[in-house]
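For reference, chains read A, B, C, D, E and F in written order, and residue numbers begin at 1 within each chain.
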Amino acid sequence: MSTFTHIDAEGRVRMVDVSGKWPTLRTATAGGRVTMTPETFEAIRDHRVRKGNVLETARIAGIMAAKRTAELIPMCHPLNLTHAQVDFFPEPETFSIRIEAVARIIDVTGIEMEVLTAVSVAALTIYDMCKAYDKSMTITDIRLLAKSGGKSGDFVRQREKKGETP
Amino acid sequence: MSTFTHIDAEGRVRMVDVSGKWPTLRTATAGGRVTMTPETFEAIRDHRVRKGNVLETARIAGIMAAKRTAELIPMCHPLNLTHAQVDFFPEPETFSIRIEAVARIIDVTGIEMEVLTAVSVAALTIYDMCKAYDKSMTITDIRLLAKSGGKSGDFVRQREKKGETP
Amino acid sequence: MSTFTHIDAEGRVRMVDVSGKWPTLRTATAGGRVTMTPETFEAIRDHRVRKGNVLETARIAGIMAAKRTAELIPMCHPLNLTHAQVDFFPEPETFSIRIEAVARIIDVTGIEMEVLTAVSVAALTIYDMCKAYDKSMTITDIRLLAKSGGKSGDFVRQREKKGETP
Amino acid sequence: MSTFTHIDAEGRVRMVDVSGKWPTLRTATAGGRVTMTPETFEAIRDHRVRKGNVLETARIAGIMAAKRTAELIPMCHPLNLTHAQVDFFPEPETFSIRIEAVARIIDVTGIEMEVLTAVSVAALTIYDMCKAYDKSMTITDIRLLAKSGGKSGDFVRQREKKGETP
Amino acid sequence: MSTFTHIDAEGRVRMVDVSGKWPTLRTATAGGRVTMTPETFEAIRDHRVRKGNVLETARIAGIMAAKRTAELIPMCHPLNLTHAQVDFFPEPETFSIRIEAVARIIDVTGIEMEVLTAVSVAALTIYDMCKAYDKSMTITDIRLLAKSGGKSGDFVRQREKKGETP
Amino acid sequence: MSTFTHIDAEGRVRMVDVSGKWPTLRTATAGGRVTMTPETFEAIRDHRVRKGNVLETARIAGIMAAKRTAELIPMCHPLNLTHAQVDFFPEPETFSIRIEAVARIIDVTGIEMEVLTAVSVAALTIYDMCKAYDKSMTITDIRLLAKSGGKSGDFVRQREKKGETP
């Protein structure tokens, strides 16, 4: 029964101790994309979606979700974001909406999860608002684009496509 | 000032009225994928991630998030899921973890958003648990795989790759 | 010490038992008003508020808050709204925004608190979005306008001003 | 399609960047009022409301809501209140309960929304506890009474009625 | 790598499927106890605790927590309680406060976790309100006292001490 | 009516003002215990519980609950934990699982309630996962084991049993 007694020896989750770290200015940017049919893309563009203004609702949902990241992600440290913004870049050539979220804080831990959560919930909200039209929409390419601040140093993801940030 | 006075004539969001609909058994399945470096994939497989058991934590996070979908997605109807499950299918050939979520309910409205939210938060949790190793992980292919029940009828997404559900 | 022993004999709160009641279709409408300076009123009307689209954000906040009413109001029964909507009626003659919220459900208990909460949080959001311009905005006249369904019967508040609902 | 491409050029909400601001001691006071029938006023006063102690429940609800303000108000910055209190001043001459909330923090952003939310939810709770008696209760005069701290300087609302704070 | 591929074959959590079950009237009662020093017991009894009315605050906290049980307990089904109440029985001979919570619902799944959560959070709140006086308070004997309804049948815990429910 | 007018003179709750206190490193440890039948103890030990990995789920639930303590405990100050961990020590001789939670923060107020809440919710989750087997499980001995930091000084609870922390 030794493995049971030492059940905490391996595989146990914890919220990592960051109490000894020094607060620094931290920023993070995440991106994502929702692809859809041409008809759905045009309905969003022309504000013809019956449920209401798709992108404005998605923007608000993304920002609100960023504030609640630590409730959703089990080992994520709670923190008080001092800036959050979500932007949309409709791309007619691919019938997709590109999403970017940016956040900022002075704290001891990074905010990658906050921007990734903002992008994810903004994307889910676009799906929700349009699903009566198009059940096959797909959410892709949710990833960290850049971060700065903190001991692990800065990170900038390689640009994948022309025109993308960064 | 007429557009301002009739500000509710277009573009206003609402939680659609489903009070006249009849409850039916509804099921939904969503999928997604997290791609990563070979090293991260192996660390998850071998339970060597310092933060703890990655997939078990992601599973629980996904199920808990499914229950709170209506808090995150602004126009989503609140409902009481009667079943939710999240599964992982590691794919060594692509160094990715495929995620599937299934839910079930007898209610007047569908649960697509619940399974999509479960997949998204499970994927975000995998990212969080491994981000010290691999900041370039990417979440892709979040989409509805199947739904049944409700007036709009059943939906089964076309299979994209061999071995995927459905 | 008798009053202490019988501390539950009087003054103790409880969530009233409604388990024996029969579900009926219930609707409720609440109203409220935010008064402001002429300059603030015009800034909202002309979409010149730096924080963003005031009324669209307030609408979403009100609907989302309606869904979480039972978390805020201690003795309020949790329930799953099947419809919620928030509308704004700017009134140039009084430099105020009139707010109305409507909700609907088939359930054993009423939804007065849900529509009153929607109006309150929509009003608070208008305040938040404009407070950099106008700290003296006032929220008034939050009240139930009408309800139907349930054993206590229908209720329609007397019309106070011409043009108001009901 | 230019307006759609530049959809973020105007009217888009954001959580304003306060990461460069310096923490200062901030206080805020808000007021509000619930008016009711003489019978309801006396039932509250005499602790005869069947649901329980009305004002004690409303006080707790108001304080708890203040802590969750940033979940309710979309663009409100999350913060950790270091003091919150809600008081009631029954006014027999108008059959109304006057409400005041006070909060305090050392932070980079103000707490006006926290005290306004505390007053609003306390008022809504009074309504909820008494609505079986009096559906025509009205919530009025929710407004900021005073604030101090922060770059925008102190604010004291003009006294409207004798005996009111400030 | 076979165990990794079949990672869902054992040890994986799920929210059990209850969608095929029939709603029945369900009740549950849970109990618990907070033991303390004689001085703390008397301070609560005499309403001399500086933070406020201890038991009234604990009662409200317990009822509110019952409504949010499914947010706290990962595999707990969300449901809409139709009745919840928390009572306190101060026992001078043991310098302890006995707590009982009762809830009721017509649903497909039981509400044991809801009453156990109500008792736990009520007990934690008593601790919080008095911890400035007495850090050695202990919460004990949290257990299900009785349940009725559902396929698994009724349950009544054996009485342990004279005077206890059931 | 004087007592009613001065309703705030006694017995009113408040969130105590800590805005003048200085941040210090604070740690806290709490313990608890779930007792059960030999059969349930062995089912947990051998991972034969049908709902999934009991202790891993309880660990995650406890850590997540610690982050939300201020939402549950009415007068508890919100704060951002920088470390949280929950461990289990199965004790075969008593057929019980001993639980310990540790947390850490640099802040102006203590975190006793956070570790007590983590232990309580971890215990409730063990109950939930096993209640199909054993409705008579009991949660006991939830208490503060140690704290350090803050003006009130350090606290170490007397050891009750050999082998317990501290």
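Just so it is clear, a contact is a pair of C-beta atoms (placed from the backbone, for glycine too) under 8 Å apart; a residue touches a chain by one contact, two chains touch by 3 or more.
The UniProt protein names, listed by chain, are A, B, C, D, E, F = Cyclic pyranopterin monophosphate synthase.
Keep in mind the model is a prediction, meaning the values are calculated, not measured.
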For chain A and chain D, which third chains touch each of them?
C, F
How many degrees of rotation map chain B onto its copy chain E on CA atoms, rounded to the nearest 5?
120
Would the interface of chain C with chain E count as same or different, where same needs over half of all numbers used to appear in both copies?
different
Which chain pair is joined by more contacting C-beta pairs, D-F or D-E?
D-F
If you average the Cα atoms of chain A and of chain C to get two centres, how far apart are those centres in Å?
31
Chain centre separation (chain C, chain D; CA means) in Å:
14
Check each residue of chain B and list the ones that touch at least two other chains.
11-14, 16, 53, 56-57, 60-61, 64, 68, 74-75, 80
Every touching chain pair, please?
A-B, A-C, A-D, A-F, B-C, B-E, B-F, C-D, C-E, D-E, D-F, E-F
In the complex, chain B residues that touch chain A
10-14, 16, 32, 47, 51-53, 56-57, 60-61, 64-65, 68, 72-76, 112-113, 116-117, 120-121, 123-125, 127-129, 131-132, 135-144, 147, 152, 155, 157
Using the touch definition from the top, list the residues of chain C that touch chain B in their complex.
25, 45, 55-56, 59-60, 63-64, 67-68, 80-85, 87-90, 92, 104-106
Under the definition above, what is the set of chain F residues touching chain B in their complex?
53, 56-57, 60-61, 64
Note: in the complex, chain F contacts chain D through residues 1, 4-5, 7-8, 11-19, 21, 70-71, 74-75, 77-80, 108-109
